[in-house]
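Going by the order they are written in, the chains are A, B, C and D; count residues from 1 in each one.
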Amino acid sequence: MTQRIDRQSEGVFIIAATPFASDGALDLDSTDRMVDFYLDCGVSGMTILGIMGEAPKLSGEESARFAQHVLDRVAGRVPVVVGVSGAGLDNMARLSHSVMDAGAAGVMVAPMPGLGTEAKLRGYFAQVCSALGPDVPVCVQDYPQTTGVQFSVETILQLTRDHDQIVMLKHEDWPGLNKLSRVRDESGTADTPRLSILVGNAALFLPQELQRGADGAMTGFAYPEMLVRVVARHKAGDVDGAEDLFDAYLPMVRYEQQLGIGLAIRKEILHRRGVLAAPAVRAPGPSMTKADHAELTRLMDRLDRKLADLG
Amino acid sequence: MTQRIDRQSEGVFIIAATPFASDGALDLDSTDRMVDFYLDCGVSGMTILGIMGEAPKLSGEESARFAQHVLDRVAGRVPVVVGVSGAGLDNMARLSHSVMDAGAAGVMVAPMPGLGTEAKLRGYFAQVCSALGPDVPVCVQDYPQTTGVQFSVETILQLTRDHDQIVMLKHEDWPGLNKLSRVRDESGTADTPRLSILVGNAALFLPQELQRGADGAMTGFAYPEMLVRVVARHKAGDVDGAEDLFDAYLPMVRYEQQLGIGLAIRKEILHRRGVLAAPAVRAPGPSMTKADHAELTRLMDRLDRKLADLG
Amino acid sequence: MTQRIDRQSEGVFIIAATPFASDGALDLDSTDRMVDFYLDCGVSGMTILGIMGEAPKLSGEESARFAQHVLDRVAGRVPVVVGVSGAGLDNMARLSHSVMDAGAAGVMVAPMPGLGTEAKLRGYFAQVCSALGPDVPVCVQDYPQTTGVQFSVETILQLTRDHDQIVMLKHEDWPGLNKLSRVRDESGTADTPRLSILVGNAALFLPQELQRGADGAMTGFAYPEMLVRVVARHKAGDVDGAEDLFDAYLPMVRYEQQLGIGLAIRKEILHRRGVLAAPAVRAPGPSMTKADHAELTRLMDRLDRKLADLG
Amino acid sequence: MTQRIDRQSEGVFIIAATPFASDGALDLDSTDRMVDFYLDCGVSGMTILGIMGEAPKLSGEESARFAQHVLDRVAGRVPVVVGVSGAGLDNMARLSHSVMDAGAAGVMVAPMPGLGTEAKLRGYFAQVCSALGPDVPVCVQDYPQTTGVQFSVETILQLTRDHDQIVMLKHEDWPGLNKLSRVRDESGTADTPRLSILVGNAALFLPQELQRGADGAMTGFAYPEMLVRVVARHKAGDVDGAEDLFDAYLPMVRYEQQLGIGLAIRKEILHRRGVLAAPAVRAPGPSMTKADHAELTRLMDRLDRKLADLG
């Protein structure tokens, strides 16, 4: 029986890369390895076909094939959320129904660009929910750095009140710590249903966000074991220990958080760690220079030494 | 006794240019001529130090001197609104109090860039009203093409409910006809005070906007007599005649409406019409090419012929 | 034998709507009627699957089917350009090759958002040309209002020098009259090949643009006969007559030029003129209010009267 | 004799806050304390009236008074750069000449918003240099996150070739490591004069940037001693030691780097460290919540402990 995301979902939903061969074709062998790697790291869930998954560069047929392949490999062990953002509601509904039928746990929707007022934003999500139908759980992605669309706390709370199916917030407004605090404090109240809040933005503020009440992370850091352990320690009450571990990785978190080039870095790390056969990014996309490669080697070595020091 | 703008203000508030000599200095002789020209055209009011008035290119001292000069020349015959938008509330309050003391009828405030949610926008105007004090009537400028900030109808209505001193809307969102209709219909009701609505955006849709209930125009077209006559005809019930007259000028309205270069065109026309000694725009600013000059001559000639045909 | 667009292409390439039934399905009967209508109006070419063609709201399969249907109906009588802009070069190449095989005359490419420097912009088009291969003629769409990407004249000239297949510019930067003059004057020289320049931006400045050397228009005005006659008169040397005719339509050109709602207006006019069975726009998309409908009726009536007066 | 910035300038130019009393007035006592604090930290220079210095919120008179006060207190011990960005070249020239006469070492200029092509950007800096005259050394601020204007490497190199007075780059494009490498490698060559490159963006990548050839930092981190020591260690050849020290502060660097709220955090830290009498930010501006205060306390404590561990 497939698990659906809900208002209590927590832990680490890793944002999965989409593996390509050097010639740009979908690499399903690497996909299998990647799914197994994420599961071995202890993730609570997976999110595919997000912005970092290069979704807009796949054809419709490739998206469907990749989603099916991941869902089959995961085989219900953890919930899988599928990014379905796009320009037209027909396409969004079609893809959503297809992946839900195939076993997805919910869909993630970022607002389309140009929704410049909150009235428009609320109208848009009403249209989305109506197009998807009430049986598809939705994670709302609040990511103004990329979409140009800004949510107020009031709008987020309104969305969770108005739509039973909006159960999760991918929080990656930046800076956004006080926004997170407010959504946490002002939902789960008498009149506003609780939202699951998973943080994105490369987890740059993960300890602070957990301390402010986040339920976990939804991001694609290439060392998912760190995310899993930090969230676990925090939930076990070891707040300082969680932050100590995080801080050890922070130089790398910061490095991978670079918009654009960050995707190439992430894939390169997954390649070096034996997960992806090739670090290929589809065109047009970022690529690493020789200096980047040397710098990454240096940062990976420093991380290894620091982890060894921590014991 | 100075007239203040209020919720019933109507007619044509011409957006005044700021005249410069060829060497860039303030040209107060041309300012006198311009004020007289506007009054002779029959305007109901004047707005100075707006974006088209090159306000950010004046020093604080120049702004104060220019405002004082215009106010003295107008001598209370029509209300004068002064643009005071800027980054800091201290500066805004200082300038506002200074011009109100000198006889201004109110101030115009556009939101500062970066107010990406309506919650922030409402918070900003609360701060502005508090900084200005309750005795300064405010015209809110809704001009997202330049500020990047978008108002929903709900926010505009909230502002007029929350702040007695917000009495006027400079409507220049684009496209914005339905927004205008909604603000008109949903203010002046039992719970929401009426707003005076003057339209900007170079008056490109003036007849449609009057038909939808605008109270007039606040824009800087270099043939103010057209604006005055169109509004007068419309108010006299000659809706078709108003639109016929407007359409005769439409090729020129469209030409002057070009963002950026439009300012140079406007000053050039005022120069050719004998109002400004020089068409100078302060640097950095647009300038007209030889082709532009020839094109403008052609358009002015065509307008003259069309007006002659109309009789 | 299929005609390809080239550096001498001229006339009116009408931007075709994509007809939908009231339930949102592709309406191929209306498509036939629309193609016949455009051809009867005397257009020199057609452009499909552009932004106004709601391309991002079609599935891949629908795009291919619609393109094939239009190409079959046109049957080589005029060249058909296909919009192929998108996030990934693989998808772009796949669609381009498919439509070229089906008889298209070339493709139109707007830069993807985020290309903030001209160096990146030139790099992008180099990638595009390489992905498409040298046999696919390209029309570059310069439309910063929608893409957020700005071309300098220097970059446009560089593109036409660097890539034999870049043969046409869809000029719709705004304001852009001097840019058009410069591209016209500085291409077709000893070192820079000529570009065909067709103007967009709803043709708001068509007479001025023709006077500055444009080869025609590529836009979707719902009265294509005006575009065709204005371009023809102008080319026949009747510059004033061309502008007189245009000015008669200008109130409607201005009305249809409204970003967003303009698409709904255009489809409504085509519906009222008997071309489209339904004026449907796919969600999320603009719709007309009752006031809009009345306003459009009024503007259409005024246009009819003015055309009757012109004889 | 006043020192001017030049193409060899290096070290840490601290971005100075502008101290205000709780009532918002300029606080010149705190200013003295702050200048002394910075000098005690060992900074190589100071930059005042930048964006972080809330320059747009000062009146012209206040800016002049504050600059004069800082210059007097510094008394030539280190070079002082003054931010002069603004909408009008007349104001910019007036302020620049006034501060240069008072002993400034140069001025910093960020491009005004809206310069969407590099051709326009180069034209703008040509106008700026002409307005300032050749005797005013210029630091170009490349900060697209705030200005919306993007420089390519080619444009930066062109500026340093075209204008003898453009001697320094404040590098804070993001992500920007490869851009920094290229500017470093491609300037100081036979045909392109060397540029001093100081990094901003809150120093989030300071070790990487030094390793790629930056000459130092120009940013406002509230622990300037870290910046000074990291740069010194790096220049002394202790590359790893420099990075170790930096990484200890990285959780705080990351925290202070938050756009907007970062200014309030920075002033609060300077207040807690006894430098500023009040942490006041002028309206409209960010303020810290109770949760922010607690979080900052926690981060400051963790930093103290980590520094104690480092010995």
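Here is the rule we use: a residue touches a chain if its C-beta (ideal position, glycine included) is under 8 Å from a C-beta of that chain, and two chains touch if they have at least 3 such contacts.
Everything numeric in this text was worked out from a predicted model, so none of it was measured.
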Chain located farthest away, centre of chain D as origin (C-alpha): C
Same-residue or different-residue interface between chain B and chain C, half as cut-off: same
Chain centre separation (chain B, chain C; CA means) in Å: 34
Inter-centroid spacing, chain B versus chain A (mean Cα positions, whole Å): 47
Multi-chain contact sites of chain D, meaning residues that touch two or more partners: none
Topology of the chain contact graph, where touching chains are joined (line, ring, star, complete, other): complete
Touching residues (chain side chain D, partner chain A) in the complex: 174-175, 177-178, 181, 204-205, 208, 211-212, 243, 247, 250-251, 254-255, 258-262, 289, 291-292, 295, 302
Parts of chain A lying in touch with chain B, wherever the complex brings them together: 116-120, 144, 150-155
Touch list for chain C against partner chain A, complex: 24, 54, 56-61, 86-91, 94, 112-113, 124, 127, 131, 282-284
